[in-house]
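Several structures are given next for inspection.
Across the two complexes that follow, chain A remains constant while its partner is chain B and subsequently chain C.
Showing the complex of A and B:
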């Protein structure tokens, strides 16, 4: 160790802002009497979280064009990391909007809730800017520990504790594989740096031990995106978590894990593309198919959306299976750019769908199952229309962003000659229409058994749903800005 | 010869006008008076029609100047939609000779149906919602026919499906109708999957999704008769079978009759269901490169034509008869395009839009008068009470039966002749079409005789309410009645002294006409006598069908029952539509449900895991006890699955 590495602190401003925000939120519990359970504390928590996220996003936006290494090249700032930083912060901000009312109902301190949320965002941002496997691991654990607690927060909900514990147990399991894989890579390639691994990979010498190491590292990430067969925790955790946290897991956790997967595959593991491309192919087929088939039989909408998010991870894996090793780092590979586009659309439509669910539950009547939402479409016309749009977007029907996302991913597969994979993908998406459409059928074409109560207006919820609605249409009708940004971001992935 | 694009900025308003109508009505519909809502909706579509007319006149002017500009078209580009990895898609509209026909037919018929709906839906409680959906539908339909590339067309394609779903399930309280809407939507998704893959494959091979560029590049890039061209065309055709209700995906259309009758007229007769035919004609250059796919199209079309006609023979619900008749007529159109007679397919599409819309609207008028009853066994003798409905309905029936000089005669006759004489044709295809024509005449006149002739079989209460419909409904009937009579004159074949102007109008867009593609070597020239004989035969079979219906339902009304009793099994089989719905249910729907319930959800998620856990035995049992405290705890099972996944993944890497 020769001296302290030089650090360009200004490059780390988003992370610093997030950390300060999280620490400040912890203080809220002290500032407000009654442990921060009051309504004032909840609102203050949300406001300060949004403020912190906003400032962090502003900082990230300011460094949009920066390409730099810092912290002794442990962190790497480039348009790719910035793209994901912004996507994660945006998704988290929407989830904060979803939380304002829910968090008040939880028997938890507002300080805890929002602080944990921001801590996990910090972990994610560290993950997507990391240039070293160990830093990725630290980011991943920061994110995960916070999310484990958030799933079970508010001790009254029994399946919350259950989902949380299961997620934690299996998550610890996955982390063990990840760290073991990192150790093996360090042993066989002599480094944990992402770019160093690429040059250190030597199958002739390292042999199968390196392959085992790579498999173990990938498993750590595949767990976070809930790829089959590492998906079984997801439905329980999604169903058990408070709905805003479910949305948060579905969008932000998944986005950051995909960012890391993209970076590791392209920066470190490109020499092994012949090994992992077929694996991604198989995982994509499994994940899409199991996710969709299981979703068909869910009566609980949160659980249905959990399986749906597994299926969407499958579509994204189609893109990973279509990566062109020859194009990485030289030209723009539509496969990689499609992941960025898809994740953005996916974030919006999921937040929107969960937002509508939360809004519907505001009348003091539980609204989580297909039975319970009967007849809500005409009773609450705007929510009905919004939910219909989100469902159609999830099913991939134009002119929504969901259609373009799928179109883009499947075109990428066909572009690489993976016709059968594209066929399986499109078939899957055709089948998925069945369970998405059922939500609108229930909302519009069935009568409710009882009188539906009026819903209290909620500004933050309405704002989140409207923003998501706008985004879903914007990305379906005029997506060129985002496409350009995604194309540009993946150029720096090397 | 690269087609010449002429910028024509008001083209976009053809599409935007109904969208604007839909937006205005959905925002203000609740507060506006009913009449005004209906007027706005109708006017929005009327604007589209008149702009379409202006564009048509301009296009005609362009086409007049010399030979080189024959393929000129009007175009209007809104903006660049997508530009990624070599794929660039514009939101752009093209008004060429084919889309001109489609725009005029779609907007014209839609406008009439909008006006009719103002009368028909006058007392419905969700009046404004109905018109908002209807305008939205017209918007998507016009996007579909005006799109200058396949992706924008797909947007329209999905959009019309969506609106059809909304409109079928329009009376939402009724679970049966909701089910019908869902069925239509899901069956269509199966077709759309083929269409989407076809588009992606086109992009992959040709590097473009623009129709003009496809037409220009396909002959050079794709091998004629090659497997790639065939695959693309078959995938596209799968999309067409879904949207246009052909075997095997026709099952949704008869159920779709659950929607309001004007919707059946608009979507399920005149416009949306013909989208598949339009799409194939639009991409005729590709199909000409894939003779095998064309053969499939022709055979499926012919089979659907006769199969649906046979079901139509015995149905008793007035709308069901018309629904199967639509499926059957669409079969004719596919038969036409399948044998390379693209212009004949579009010709029949147009005349069919006139007379079938009229038939549906007429049946709506009858249902309206019959206080909602749809069973023709309870009707009869309505001729005197509803003269306008009767006479227009009769004209349309003569048109669909193929009696000269009504519109359907010319188009159907051209299809039958081409099925026989075209190089891709076959006498067997002709014979099927010929037999189906006889059946069509029979079941349509059965409908006319049972509904309008003889004694009224309705109960007294219904009888007392019988009345002719209001002008808002009868005027559109009369306009369509006139079109059903004269609509065929634009395509009188040369042999009958006409110029076959319709064919020559479309010819520049059709691959085998402008010399771009020549797959059909050795075109045979038939002597005139053969053609005259064919015309005489098809008229004869129609007359025979009508005579048969007259004997069965006027002269000896007891005859049908006797026949049904003599061959009870056959009658049951046909009456129950060959039990196809049941067969689909047993062989496709249930297996999928079972597979996913038991194999994947139950066994994979719970059963298999349980088994594995039990097998691993006592070592896990301790952990199991901990897990049991977690309500339905499978945490240990999850870990086991995880471990299996880990081993498999490592295995696949190391192997």
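Showing the complex of A and C:
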């Protein structure tokens, strides 16, 4: 029997701050419930969420170079986990900025809205800092439960409940796969620790069961990143959710799932690389192609962005298929670093695109379909320019960050000799330009059928869009700082 | 010997009831078979000297969760045959292939593990009792345990939010 594990509380500070923030927000929701002051609740909730996220980010930043285990090696802090902690917190903070107006419409539920958002961020941070499959699972469930609720929270949307229920049912199913896989791994390798699994894997002896276990675990994660064929839930959930939550799902949920996938593949499953590399190859091709083809036929922009996010998961899987198992412990692997870079750019351009969409909807007129945004480019010039930049970045056109992200991913594939995969990726990227640029065409080249109303100014929304705009250009023109950080972070993945 | 008979009887019972739970058309009958499956699993846990786990299995699964199932089914007033059938032939086909693949993989796994002779080795004294499980939970697994508390809190808040939405 092992004794009580030694605990370094300071390593846990970001999680503690996030938990306290979420609990405080719950209390705040109760306080504001009485007077019906929903506007106050919204603003206070947003302010305290941002404050909590800021303090947590500060705590994480202060320990950026720390490499340490605690809680009997259930939690691991290294530049890789801290990189993702910061990325998730940053993405969540932008989503809070996007939420201020939308959450106001939820009236009674505004307080709980922010609390659930922070709870889900806590689950993600737990996931990316975990060094044990058990902890990863609990973090994943905390994140998912909070997001299921947030998808269904949008009061008057009739398809919110449908999207939420679909997401929940299929998500619960995927969780069952994941926990079954973890149980089989525990049974065949004797541990749930990520590094212990690597040494416990032995294909010669009972390996067949281990392959089943690995497949089940990977299915659980692939569901969260909405890789084809586990993507069926994504369009409905994205469309039904309140738009800020759609952005949150597209960026933060995806980033944390990819972080865990990277860590599990590299720390635990490296001995099985010959098995999962071809799987990633196939899934990358499927995910890119299905996502892009389906996106072309969407009239609803949120739905289109949902399929586009599936396609982007496909580009990221290209990077996973290009991981070099021989580079383990020798030097950095450009394929893995490109995932970190891509996810950062992806977070910024997606938040930006959704931000513009929310801003456009502020005039009391719904702005969700290609029909509805006709002619908005000249009516709201700044928003038109911003949307154009985000669409160009998503399509991968220089000098935006989206171009460099794709460039690094595809060049990593070419480096590993996966020329055909890179070609399929570039072709997909070219096809995707069609539906991204169609948004710009609708905004500028078509006339609106009716008089477009003026839009009320919203400081938080404008701030989020401007920050995203700045980031997309910054990463497109001077990417070296982030690249260095990403290169350094993946060194600790072994 | 008696243990072996017990094991084979309840192992067979759990498989048969699981099969029946999936194939029955009437949801209430399905749930009853599921309860039988959970009980047989609990007996197998006892044979493996995991007494605490067996008790939890009965209380949580056979007791609480399946009670919930029955409640929901009765409240929805599902009639026989109302559980949706897979009409899509393509889906059926894919499902069949996936099931066969998994069966094949499990078969080779069991074959690869070699022949089992008799029962698994006896666990040490005190293994699987509430005290031992508790000590482990509150020492080595304290971090996941505390996280579970957060997870349950999120679930409660979520249920209240979704239920409260209807009223306001």
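Convention: the second predicted complex is superposed on the first by the 483 of 494 C-alpha atoms of A that agree within 3 Å, B and C clash if a C-alpha of one lies under 4 Å from a C-alpha of the other, contacts with A are read in each partner's own complex, and residues count from 1 in each chain.
Just so it is clear, a contact is a pair of C-beta atoms (placed from the backbone, for glycine too) under 8 Å apart; a residue touches a chain by one contact, two chains touch by 3 or more.
Since the model is a prediction, treat every value here as computed from it, not as a measurement.
K.L.:
Looking at A:119, would you say it contacts chain B, chain C, both, or neither? Reply first, second, both or neither.
P.N.:
second
K.L.:
Please indicate which partner A:166 is in contact with in the superposed arrangement: first for chain B, second for chain C, both, or neither.
P.N.:
A:166 contacts chain B only, not chain C.
K.L.:
Tell me the contact category for A:441 with respect to chain B and chain C: first, second, both or neither.
P.N.:
So A:441 only meets chain B here.
K.L.:
Which chain, chain B or chain C, is in touch with more residues of chain A?
P.N.:
So, of the two partners, B touches more residues of chain A.
K.L.:
Does the superposition put A:208 against chain B (first), chain C (second), both, or neither?
P.N.:
In the superposition, A:208 touches chain B and chain C alike.
K.L.:
Would you check which partner chain A:71 touches, where first means chain B only, second means chain C only, and both and neither mean what they say?
P.N.:
After superposing on A, A:71 lies in contact with chain C but is clear of chain B.
K.L.:
Applying the document's definition of touch, where does A:142 land relative to chain B and chain C: first, second, both, or neither?
P.N.:
second
K.L.:
Please report the chain A residues shared by its interface with chain B and its interface with chain C.
P.N.:
In the superposed arrangement, which is not itself an observed complex, chain A uses residues 208, 211-212 for both chain B and chain C.
K.L.:
Touching residues of chain B toward chain A in the complex: what are they?
P.N.:
By the definition above, chain B touches chain A via 79-87, 151, 154-155, 158-159, 162, 165, 169, 172-173, 175, 177-178, 181-182, 185-186, 189-190, 192-193, 196-197, 200-201, 203-204, 595-597, 600-601, 604-605, 630-631, 633-635, 637-639, 641-642, 644-646, 648-650, 652-654.
K.L.:
Under the definition above, what is the set of chain A residues touching chain C in their complex?
P.N.:
Residue list for chain A touching chain C: 1-5, 19, 26, 71-72, 74-75, 107-109, 112, 115-116, 119, 122-123, 126, 132, 134-135, 138-139, 141-142, 145-146, 148-149, 152-153, 155, 205-209, 211-212.
K.L.:
Which chain A residues qualify as touching chain B in the complex?
P.N.:
158-159, 162, 165-166, 169-170, 173-174, 177, 208, 211-212, 214-216, 218-219, 223, 228-230, 232-233, 275-276, 278-279, 282, 289-290, 293-294, 296-297, 332-334, 337-338, 378, 392, 397-399, 403-404, 407-408, 410-412, 414-415, 419, 422-423, 426-427, 429-430, 433-434, 437-438, 441, 444-447, 477-480, 483-484, 487
K.L.:
Taking the complex as given, what residues does chain C use to touch chain A?
P.N.:
Interface residues on chain C, with respect to chain A: 102, 105-106, 108-109, 112-113, 132, 135-136, 139-144, 147-148, 150-151, 153-155, 157-158, 160-162, 164-165, 168.
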